[in-house]
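Order as written gives the chain letters A, B, C, D, E and F; numbering starts at 1 within each chain.
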Amino acid sequence: MNQVLTFGEMLMRLKTPGYSRILQADSFEAAFGGAEMNVAVSLAQFGDAVGCVTKLPQNPLGDAARNTLRRYGVDTSRVLRGGPRLGIYFFEKGTDIRPTNVVYDRAGSAFATAQRSEFDWPALLEGVRCFYFSGITAAVSPELTGALEDALACCKKRKIPVVCDLNYRGKMWTAQQAQPVMDRLMQYVTVCLANDEDFEASLGIRAFDGDMSRGIEQKEQFCEGMREITKRYPSCTTVASVLRNIHSVEDSEWMGILLQNGTFTETAVRKIHVMEGVGGGDAFGAGLMHGLLHEKKPQEVIDFALAASVLKLMIGGDLNLSTEAEVEAVMKKGAGAKLSR
Amino acid sequence: MNQVLTFGEMLMRLKTPGYSRILQADSFEAAFGGAEMNVAVSLAQFGDAVGCVTKLPQNPLGDAARNTLRRYGVDTSRVLRGGPRLGIYFFEKGTDIRPTNVVYDRAGSAFATAQRSEFDWPALLEGVRCFYFSGITAAVSPELTGALEDALACCKKRKIPVVCDLNYRGKMWTAQQAQPVMDRLMQYVTVCLANDEDFEASLGIRAFDGDMSRGIEQKEQFCEGMREITKRYPSCTTVASVLRNIHSVEDSEWMGILLQNGTFTETAVRKIHVMEGVGGGDAFGAGLMHGLLHEKKPQEVIDFALAASVLKLMIGGDLNLSTEAEVEAVMKKGAGAKLSR
Amino acid sequence: MNQVLTFGEMLMRLKTPGYSRILQADSFEAAFGGAEMNVAVSLAQFGDAVGCVTKLPQNPLGDAARNTLRRYGVDTSRVLRGGPRLGIYFFEKGTDIRPTNVVYDRAGSAFATAQRSEFDWPALLEGVRCFYFSGITAAVSPELTGALEDALACCKKRKIPVVCDLNYRGKMWTAQQAQPVMDRLMQYVTVCLANDEDFEASLGIRAFDGDMSRGIEQKEQFCEGMREITKRYPSCTTVASVLRNIHSVEDSEWMGILLQNGTFTETAVRKIHVMEGVGGGDAFGAGLMHGLLHEKKPQEVIDFALAASVLKLMIGGDLNLSTEAEVEAVMKKGAGAKLSR
Amino acid sequence: MNQVLTFGEMLMRLKTPGYSRILQADSFEAAFGGAEMNVAVSLAQFGDAVGCVTKLPQNPLGDAARNTLRRYGVDTSRVLRGGPRLGIYFFEKGTDIRPTNVVYDRAGSAFATAQRSEFDWPALLEGVRCFYFSGITAAVSPELTGALEDALACCKKRKIPVVCDLNYRGKMWTAQQAQPVMDRLMQYVTVCLANDEDFEASLGIRAFDGDMSRGIEQKEQFCEGMREITKRYPSCTTVASVLRNIHSVEDSEWMGILLQNGTFTETAVRKIHVMEGVGGGDAFGAGLMHGLLHEKKPQEVIDFALAASVLKLMIGGDLNLSTEAEVEAVMKKGAGAKLSR
Amino acid sequence: MNQVLTFGEMLMRLKTPGYSRILQADSFEAAFGGAEMNVAVSLAQFGDAVGCVTKLPQNPLGDAARNTLRRYGVDTSRVLRGGPRLGIYFFEKGTDIRPTNVVYDRAGSAFATAQRSEFDWPALLEGVRCFYFSGITAAVSPELTGALEDALACCKKRKIPVVCDLNYRGKMWTAQQAQPVMDRLMQYVTVCLANDEDFEASLGIRAFDGDMSRGIEQKEQFCEGMREITKRYPSCTTVASVLRNIHSVEDSEWMGILLQNGTFTETAVRKIHVMEGVGGGDAFGAGLMHGLLHEKKPQEVIDFALAASVLKLMIGGDLNLSTEAEVEAVMKKGAGAKLSR
Amino acid sequence: MNQVLTFGEMLMRLKTPGYSRILQADSFEAAFGGAEMNVAVSLAQFGDAVGCVTKLPQNPLGDAARNTLRRYGVDTSRVLRGGPRLGIYFFEKGTDIRPTNVVYDRAGSAFATAQRSEFDWPALLEGVRCFYFSGITAAVSPELTGALEDALACCKKRKIPVVCDLNYRGKMWTAQQAQPVMDRLMQYVTVCLANDEDFEASLGIRAFDGDMSRGIEQKEQFCEGMREITKRYPSCTTVASVLRNIHSVEDSEWMGILLQNGTFTETAVRKIHVMEGVGGGDAFGAGLMHGLLHEKKPQEVIDFALAASVLKLMIGGDLNLSTEAEVEAVMKKGAGAKLSR
């Protein structure tokens, strides 16, 4: 099998049409996503074998979520079924000075109420070459934190490398709650993705002052933070970050930095006009893993990851429906300019 | 003020487009409803002053629900705000031999988690001329059953007539759970609406054998059941029922029966082709109350209620957006036939 | 050229989606129609050369209306441009017992405010083989009645046969207003279409008791009325009528009768389930003219006209987008049953 | 009650989907708006008590317009019903170098044909703390100008402050027609909003050279114009203006200036990318009134008004569906940049 | 693995919205289907392991087709990629007397131009428990007929039972062309599905007079035809047929007959109102195979197959998205009548 | 008649909604276009008499294509009908760094399979004042190249000026294939449009280095290339080119150059934000012809052509639905800025 395995929740996303406010909407576009599921789908588009572990309710909404994974080539044979409901989030896309607005309705979901004991990791990790999770899964419930710990211990025993996107979510837990948990989990991590507030909120490392309009200007502090991670967690030999200057909902600059075995590699800064600002981090993670799994050179790894990330921002929905060839085309400057015909 | 006041939950309904299955849908039409809210909206369309008591979350979804009530003329000044989430139900419209499918996602809603003590009935019932609730509210939680008891006791003290639609819902509670609760509440009820399985499941009265394809054939048993209600609950001087023969999702026959002060009045049987089979019972209740409030003659009362009920089945959504004049036109045979131009 | 020429108004029709009520709609489907324009479009689909005289405002809405005529093959070289606005009608499709609801907003339109003197009939009637109008044009304004009289006088001089669909519209004028006007115009008419209330309201001839659920049962009175028309107006050698039993918005029976040179020919009764009940009369008129222009036998003429009429009721919008071959297929029993593949 | 009261027309807006031209459209999105109604709705979203005086036809379109006001929390108890039709405007959204195109179809509306005598101001102004109108209402008809004069005289007697947005509309009247009317009305005004061409067209005061691409460069002349207003109309102690450099349909810079009791206060210049360029001026007016009613400091008043105005340009439709908290967030630089999750 | 394997073409279906004619449409709903793919999807919904062999172009349309199969649980590991284009069919849904209209655009597709030698049957049939094809695959090209022969020979060698739906398509080949081919292929068939014209056009057996409005009346001839098949092709021990009386696009009666090892079993006649008349035969085939694979009793087999078939007619698109439980519910009379809540 | 006549293919364009990827789409917006048809429609909007020669299949899709031409005022009396199918192209609109993606499905179309002998040029060129074709028509098939040669020879005999847009398409033929064909055809051409790669690929003239982000910087080479064309082909007295710097899917700068009788005239550079990047070249060609036909001055001709071209990029679909007045408004700087009301 030799699959990547990701572990996390799948939510239904209900988006108002176009730029409508929730107050105006009388319909919602339905899609499915969730950090770890997004990573799995993106890897599948790149041509990598990938499966996921999650739990979905035994009803047509759960079926629809599962079918989305299948549609995009993710192995769903390890998806648990049962539990009360599918988590939802409502999405109102902002523009320019009007921020995007998300209303979470994920409490009490099948995944959130799953028990640690439901996950039989020795069986689930059979044939797995790499395990991915993000801080969101750790934040959902203590039972799931426990499940994660079981998974990571099992990975350690089998020498399966572990990738963790810190992915701090202030609406799910506080830094005080997050830090001891993430510290415990980081002991097992091989590759860590850390962006913006993640450093401080998840790990208590000061690397970013919180001003999203000038992240790139703080490159040095980011690098220090990244190095600090590798110091604290010796198993973690690779850290990657996205740095951003965000000027409005659409206008921003992005760059990526990779710290691998003590050496930093960075991309050029890309100026972009975002179409839908969701899932860029997950696409970055998938792009990074794809490069690492295929043993590309550091510059290619980080360039590919950043190109995947910004290309995702031009695609609606949570899922990065881009092929490897499409990402590589974006790696070259000016790729969007020409209509081939 | 002199309003009718209804008490219950408002849910967001997410319907697949047309006749799509949930498995096929990538968008949902959003609307709002809930038995007691439907009754309120219908009364407002008939021109009656009406308000409601419910609880909605303090977020844009709660605002949207509240705005729907306002849009259709219901006084929302007594709506509580706060709590975790808005209840949802997913709706897949069936056709012919494919049944309509509803997936409830209402657990943990702002209304379902409201405390008995949040409802200040002496203040809420100020200026109220008639109080309406259905068995659904009683089924939501023990706290709400308590709130209902407080409300009814307060109505009794102020001599406010109470209308109750038994509205048994097998997905919410069992007959064993429902009967003691409903029996307690029925002590306060002036007007009772009882349909099909309600008799037995809510009150333990045998009046219908469960075969929806031949409800009208069981008219005598229904009448006995109705009479039994007035015997058991002396305050309850009026009982109304809808009897149906349902042949497919669309094809059915409907008739209404009214027992008022010991006398039965019944409508003709109407053969209809349903457009969307939701909210017919609530429209019946609103039509009945409208007739009673305006002191129409029994025949007019029950004819109006049944016409309102079947007309609703030709309107999309949970809400009966029909005027009094439109219902009266339907009371006349063949009303749908002619395009006036 | 040798065209049929029709004279009348083109309106924009704004229809709510599906079966939504106007109160629920937040969008409208836009289409264009109007009795005489519908006839022109239908004839063009049958392959007949046809043009029209109307007046449309010099703005993008007027352009869009004109483009619709062009799209479906109607010669628009005689369409006047200018004047205040495009007439509109709002359309809410009913179902079963809920009647279709039309809100007219046609006052003050470019056509309604056109002057008699704007129509240069000697030029407009150049190359015309047949002239068609309906009672609606006569009802719009005295100026247009005058224009019609000019047109008909010019037709008489040039021996151009005149077809008139009486098309009484109670929302536009009263029988008292209509009768003297229509009487004057009928002096010039060669072929008259008269349905239902038209006999009495337009011409003061009693032929139908107003009960739309049993029009076919009154066939004898209809025939007497038709014969009476030929007696009163000797130039009028052909009269055609549609008789209907309408049971609900969708369910009805239709038949057609033709009186030609003193002989009656009738179709079989067709039982149909209407998809959208607009434009059936205009399609009947176009079908009749098509048959007469091609000198078909009376039975073929009336069968074709009725088949065109009922087929139109299965097509959305005002326009009968059916070919001659499609109508002929419907003339055979059971045409709808088989999917050819 | 203590409401703000606004007086003006409500129109139905029919917008083509996306960026479609009217020539391409076969559906329209329906919404409702009108300067004074937009102001009322915006105030209601800010939490202020507000009602309106207008006239709507007694048909489902009028009902739908009224329901929109109710939906967004505006008291509609003073809305007159009756008259011929609802005014309409067709809206084709431009982009970049293609200008937005509006086709008005408002002649002969219920409001435009209302009589001066229909408005019983002593009753209508009961419980009103502030009266708002714009120059559009004055332009509709002499009868409405008369009604406005009656209203303002009544306000004066009751010491109700009057807010007037000059809102000159060249498609409704000429400067020659507007100036004597507006001069008469300005005698009663307490707070005046004047933008761009309003100075000269409405009041004959030269303050802007007509070049929309460099309004901000003409700040001094604007200030002179504002001061001139307070000189001419001593009751008018407050004047506010929006200054703009408009570079394309989307790209522009906006700033606000407030002259209050002789002192000027101005905002920073905001560079924005417009999503839908309608209703910005009305949102500015509502924002200004909100600040003044809550006795904010001048800097806060004008910053809030400008932020409300530019935020509106990121929301579809005529109505500014923003809360006070949302506007306040925009007052801070870079508010749109971050997705909170 | 133990899968069912189906072999055939997947087409993109482009359907006009609602009941629009192609002439009116400015958008199409895209779906994917094709007899053998429909069977595979239906089996997967019933819970059976199933894969397919087909060929899809290496472009995003081919990807989308493949993703549809994956989405609904069909194993696509044996799908060939490459070749010129994806076949398309345009679909205009009729109603009542207006027939459904299909415009095929399938010439030159990736599947139609595939070579016999591309299909490596020994490998493709690894782990297969049952092989399904229909006469459509045989009709596409001589190369594919050859591929089918190779497949069937390989099945014979491995004792894999073969199911064939004769599925005659008059738009693809004539009876003269079909009969020798089908005769050759039938030598290998274990289970044969034969409907209506299939008997005569595919096999030259007279069993049905071509009148679709009275198929059920010809039950005896059908039975004789079925028996004749088993006589001619001794390997074929099971034959199943659907008999129909079709009265209009929507109204029809359906029954099923099964001949198994010499014994006939038939269902009751079901009167239905079709929602979308596509894929009923394929659903029948899938239902039949499901019953046979699970070794149900003959009455259950044919009842399940017919229920699957008529239930499919209530679902939009080519695919029968029904579960086993849903089909079993329909097997009971009156299943569509009740909304469970 | 005195029409312009264009000769080329009409394709159906199926576009995913908004910015959806083909992988995500479950519907397509249908439109029609094709270089030579786009030119014809654009000229008709400018008020010029124009017809076209093409071939469309005799089915509803062919009817719909023909109706689109009629709708927008193009004479379709010379359109041939028949042949296998309508060519299609699928269109996925890119944004920023994600390129627009086109999947062609045009092989085997009615036009592509047309025979040279089907085009009776002496009759088709009756009443024609100017003939237009593009290199696409020449690339479709040798039969069509032959047809073009016949047409041009006939034009020469009748002294009808010929306009050719070189329009090289690398997906249709190679430079090696194109050059001898285009060289032969250019002998007859009066006005030539040459952009970007056209110079080299179609004619073997080096004028542009292929870097679309800096076309304008290569103005001198373009001019040399244009002059070279007039040298090689003495009949060709006029050459026009568009030069572009393309920075992303939306952001670019455009300028036009005209070489007429040895003199160059150029426009200012326009910086634009593209809405839909299709058909700009065809709009340029139509604008150029409009100017030349109306004998405008060179500066007006090239300014009008460029304004038409960039305005088209703000309109969805292939067709430039702009009037002469709208283009002229864009010729003035800042035209998009002001909403006229």
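Operating definition for what follows: a residue touches a chain if its C-beta (ideal position, glycine included) is under 8 Å from a C-beta of that chain, and two chains touch if they have at least 3 such contacts.
Chains and their UniProt names: A, B, C, D, E, F = Sugar kinase.
No experiment lies behind these values; they were computed from the predicted model shown.
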| item | value |
| --- | --- |
| E-F, B-D or D-F - pair sharing over half of the A-F contact pairs | D-F |
| Interface composition of copies subunit D and subunit F: same or different, split at half | different |
| Whole-Å gap separating subunit B and subunit E, where each centre is the average of the chain's CA atoms | 45 |
| Centre-of-Cα separation between subunit E and subunit D, whole angstrom | 62 |
| Sequence positions of subunit C contacting 2 or more other chains | 18, 21, 23, 26, 67 |
| Touch-based graph of the chains, sorted into line, ring, star, complete or other | other |
| Pairs of chains found to touch, sorted by chain label | A-B, A-D, A-E, A-F, B-C, B-D, B-E, C-D, C-E, C-F, D-F, E-F |
| Touch list for subunit E against partner subunit F, complex | 14, 21-23, 25-31, 59-61, 63-64, 67, 84-86, 88, 90, 92, 101, 103, 105, 107-108 |
| Residues of subunit F that touch subunit D when the two form their complex | 18, 270, 272-275, 310-311, 314-317, 321, 326, 329-330, 334-341 |
| For the subunit A and subunit D complex, residues of the former touching the latter | 18-21, 23-24, 94-100, 102, 104, 169-171, 212-213, 246-250, 252, 277-278 |
| Contacting residues of subunit A [partner subunit E, same complex] | 67-68, 70-73 |
